[in-house]
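Read through the structures below before going on.
What follows is subunit A paired twice: with subunit B in the first complex and subunit C in the second.
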Partner chain A sequence: MTISKMLLGAASLAMATGMAHAESHMADTSDMRIALSNNYAGNSWRQAMLQTWEETAEEAVAEGVVAAADAYTTSENQATEQAAQIQNLILQGYDAIVLNAASPTALNGAVKEACDAGVTVVSFDGIVTEPCAWRIAVDFAAMGREEVDYLASRLPEGGNLLEIRGLAGVFVDDEISKGIHQGVEEHDQFEIVGSVHGDWAQDVAQKAVAGILPSLPEIVGVVTQGGDGYGAAQAFEAAGRPTPLIVLGNRQDELQWWAEQRDANGYETLSLSIAPGVASLAFWVSQQILAGEEVPKDLTVPFLKITQDTLDEALETTPEGSVANVVYTLEDAKEVIAEAK
Partner chain B sequence: MSLLSKPWLWSWVAAAVAFSLTLGLTSGRGAGELAYAALSFGAFAAIVGLGQMLVITLGPGNVDLSIPATMTLSATLALKAMGSDPNTAMLGLVIALAVGLGAGLANYALIFLLRLPPIIATLAASLVYQSLAIWSNRGLRIKPPEGLADFSTGRFLGLPNVAWVGLVLAIVVWVVLERSVWGRWLLATGQDLRVARLAGVPVELVRATTYTSVAVFASLAGYLLASFSGGAALNMGQEYLLMSIAVVVIGGTSIAGGYSNVPGVWGAALFMFLVVSMLNSYGAGAGVRNVLTGTIIIAIVIAASTRRART
Partner chain C sequence: MNFLARHRIILPVVSLAVLLAATFWMQPRAMSYFGLNLLFNLAVPIALATIAQMMIIMVNDIDLSLGAFVSLAACVTATFLNDAPVVGLLILLALILSYAALGAVIHALELPAIVVTLGMSFVWGGLALFILPSPGGASPDWLRTLMTVKPPFAPMAVVAAVIIAAVTHLLIIRSGIGTVLRGVGGNARSVARAGWSVIRLKALAYALAGLFGVLAGMALVGLTTSADANIALRYTLLSIAGVILGGGEFTGGKVSPTGAVIGALTLTLAASFLSFMRLSPDWQIGAQGAILILVLTARLIFRQKGAA
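Showing the complex of A and B:
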């Protein structure tokens, strides 16, 4: 409890200093209300995201930065359901809607309605293409390319790769996979000899990998989309094969496994992911827009990178069973905005 | 031609074909590995499939859509209670099964007391179970105790332990269906509810026990799956919703109820794993894979049902 209190204290201190800056030259947002419209809550990433939002919102409300910042999650991950939710939020008179969208296009109608009603819409992670909304996006293709770049730096001779993809038909899956394939084109010493869909779930990935492994030649590296690295490692172990170089995501059990392997045999790898704390960034960006700051419509979030050197630090700050996270402050939001200008 | 008229045959033929086509690619290498993986992962589908089979046998409109949520909730609560401490595997199992029992009784209560159609009742209940799972642990993943993890990933006489559990369960279900009064009641209820009631079958008791059994099976599968894959995750049960129905249908159980088929469920569970492995091994993309999987399932169902009609 003391640690979390200290963290809270530090966060509020950071926010207080941030506020002092914000209030000096901008409109007052203390009577404004922000809503989070979230399409899904059924995995640990989304849970961490909601928790970060809650903490950020609670602090901000307590400090009087905004009047309210409530989170709403749809139950079935359906675009129609979320569109109805957005319409409700407009009627409830929120000044801004922060949106993690079920679809990049299907919500455009509802988002347009919100804009026409004078509501600021900021989409993040699952972004929308409607031009009146802001987008806090991740360059997923770059993430895929970086995985292969890293493998090339570690395995200059190249070899066979296994690709674990996410959920078929989802924009993020296509983008990361595109980046990975671009990377492989660039580093042509690598060849992708197998590709399976792990649905970003560990048990599904484990099952898919176990099924394809018997038909594969020797694998030197596994490129993933996060959340599936540990499952892949278990499948290799069950098949009695040597563990290849697996690029990991940010789940605590993956990182824990990495640390154990490192201590046992010097295993070295890289973890790339999107921090669920991106919700706190979206919160501050929307607050800045409400405060009258000129914010470009397209912003980019850096991805969370954990290397051999920062592994212990990341493990220390990640609760057991959760995901590695970064909570963004107002200062971070300003930096991201400044970079995009 | 008595063998060809068995509806369960087709799922086993399909599984064998998928198996040999995959091995054709590697010219026989990795046969043991693939069979072992199919038995391990097929076991989970078989366990939930056996439960779903009992419910579907109850007749048209009977299906349990709360299987994924029941799996998630029971696994989450069991792993939380065990907290990775050694020698708590039994405690975890009891908790998981108790959650399953509770979920099954709650499902049936909704169906019986509120007169809700089972599809609506179990779907609505599943939202509650899923929310309880989220609320109880907020998606934190707790590792299973080491002994339990070793058991669920281990083997006995060359076969995976989870497959042994699935096999024993299948035999128990088969004996109960074929040899016990309750099994006869279930089949009679599925064939004609009204006739069964008039003949003195306690149909509501049969329905209650069936909906409870499927939830208990789902909770057992959830408990084993979480131990097998290193902890419970909120989305762990997701793929077992359609999977549980698919293995029942492919396995030759009548979707109209009244006829169940235990060996077919196991054949179909192996097939569902092997067909994905086969298409992955041949490098089929996600779109092609889904289309082919669907086409193959339809073909098997047609093959199995025309044979039955003719005999």
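Showing the complex of A and C:
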């Protein structure tokens, strides 16, 4: 987060709290407590997510927006552990629980207990299906379609595409791939000639792409799911083939590579993924619900897109080995809520 | 033998009481009908799984597939038992019978149970994924009602724990067949000499384990309202720890059903207590282990004093 953004955030926050006092129908949330229930902290995305939550919470508590916003992570990534954690949070008397769930369904019992106890439950990223909870979901299929739309705008004459998928059997992988295939149907000048699983990891992607490359005709574009673009680029280089247009996924190593290519030969592409800062969006949405705002149960998170123009800024603010991030403000949350209405 | 060594149940009871007092002190809200239920309702399936594990440990074996088996039972409950109750019941029955067969095979071929059950954990896990490839399913209404029932005086979790402990105590400690089953763990040869078929007894012990494993899966689905192929993987280790914490031993058929239920409650409570303490998750597993070691050390010290 840049200084200017931080100032902007603080300013909008001050304005928003001012507004909250002005609008009489909004309840005061300054004595309310929000908890984050998180099931896993073992990768860069989740670390960035927890970091963002902490920053947002600290600021909000200092401003007196809420009394507390504590983060809890289960010691093991298991639904039964998280269900127990949620029940503990109810006992601790939190007014809202923001939830990144280990399972979309196995926590429904605990979430229902929370709702029955009068606790507001907002799930994001890993959402829950229990109807009494709010869901801040990601339209992964739209992300896949957007990749192909971008390719179509850059390569109007079309050609052969290579698809790199994520971890087999995971819902996110299915959704993004579905979106990519819908996009290809729409822009029928493209054809997917090969598909490999990169498991969202650069080393796996590099090995998989290197394995399939010799059997492929000329490739004009690579559609990816994030965390795999750099590996794909390495595989093309090692095989001595021209680097195609690779859509990237906001990882720092991908952005670094992109900047190097751009400086060397004017390489141009698009990078998009979900920002871990979505935790801050979930925080503000739960605050709005506590304040009495009418919020639809299903909200959609915007993606974080990095283009040629914003590359330098994004690269500067992304720590090595991490993911490009954005911290959402109360204003952003209000916009998302208004869009869903 | 001193008093504590003779009454092995004292130590688990004291551990639970101390932990409960500390929890109430830290979180007074827990000291209510509603609070007790929230603290302990997820301990009910763990208590059932612990009893299942106890049946296996009772005959000197150990079951490393229990977590996967409970997950599979949960998946069957959330799918077949809900959509087609008769088929669901038949499948659950078949699961119990396959556990009995497993016990017989382990005894007949003199296979190490630890290896066979480790292998079976992949079979159960695969079947669970086959039935429920992505999380879902729904709890049968009667099961949900049963697990969320609000009895007078004491919450469901406490009533259920007392019933489980009482029934298994009668079955394992008081009844004739229970005594013979414990005898298999104590001295299988003399049980055989007395005219019992050890292979049948082992099959019976495993079948009982299968029965309680299935009950654990059903109870879990009643609480969570749906299933997931990995929902109960943690139960394998939790159940072993629960049996030992409750005063059971790995050999000699020395087990205590009441102790096992209390052990399961203590483990669940320990996790909540650490979360109330706001301990970082990195330390929580270690702290849980420390609590376990503390109780076991206390037991060892008392026993040595008793022997001296």
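Everything below uses one rule, namely that the second predicted complex is superposed on the first by the 314 of 341 C-alpha atoms of A that agree within 3 Å, B and C clash if a C-alpha of one lies under 4 Å from a C-alpha of the other, contacts with A are read in each partner's own complex, and residues count from 1 in each chain.
Operating definition for what follows: a residue touches a chain if its C-beta (ideal position, glycine included) is under 8 Å from a C-beta of that chain, and two chains touch if they have at least 3 such contacts.
Worth saying up front: this structure is predicted, and the values here are computed from it rather than measured.
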{"item": "Clash or fit, subunit B versus subunit C on superposed subunit A", "value": "fit"}
{"item": "Contacts of A:Ala41 with subunit B and subunit C, given as first, second, both or neither", "value": "both"}
{"item": "Which of subunit B and subunit C A:Gly109 touches, first, second, both or neither", "value": "second"}
{"item": "Touching partner for A:Ser75 - first (subunit B), second (subunit C), both, neither", "value": "both"}
{"item": "Subunit B versus subunit C as contact partner of A:Ala83, first or second or both or neither", "value": "second"}
{"item": "Partner chain(s) touched by A:Val220 [first = subunit B, second = subunit C, both, neither]", "value": "neither"}
{"item": "Partner chain(s) touched by A:Gln92 [first = subunit B, second = subunit C, both, neither]", "value": "second"}
{"item": "Contact breadth on subunit A, by residue count: subunit C or subunit B", "value": "B"}
{"item": "Angular separation of subunit B and subunit C about subunit A, which is computed from CA centres of the superposed model and rounded to the nearest 10 °", "value": "60"}
{"item": "Which of subunit B and subunit C A:Ser195 touches, first, second, both or neither", "value": "first"}
{"item": "Distance in angstrom between the closest Cα atoms of subunit C and subunit B, superposition on A", "value": "6"}
{"item": "Residues of subunit A contacting subunit B in one complex and subunit C in the other", "value": "41, 75, 169"}
{"item": "Complex contact set, residues of subunit A against subunit B", "value": "41-44, 46-48, 51, 75, 165, 168-169, 194-197, 199, 201-204, 206-208, 210-216, 230-231, 234, 238-240, 251-253, 319-322"}
{"item": "Touching residues on subunit A, where the partner in the complex is subunit C", "value": "41, 70, 72-76, 78-81, 83-85, 87-88, 90-93, 103-110, 112-113, 117, 129-130, 169, 171"}
{"item": "Residue numbers on subunit C that touch subunit A, as the complex places them", "value": "27, 29-30, 34-35, 38-39, 41-42, 133-137, 220, 223-228, 230-235, 268, 271-272, 275-276, 278, 281-282, 284-285, 288"}
{"item": "Complex contact set, residues of subunit B against subunit A", "value": "22-23, 25-26, 29-31, 33-34, 37-38, 40-41, 127, 130, 134, 138-143, 153, 225, 228-231, 233-236, 238-239, 273-274, 276-277, 280-281, 283, 286-287, 290"}
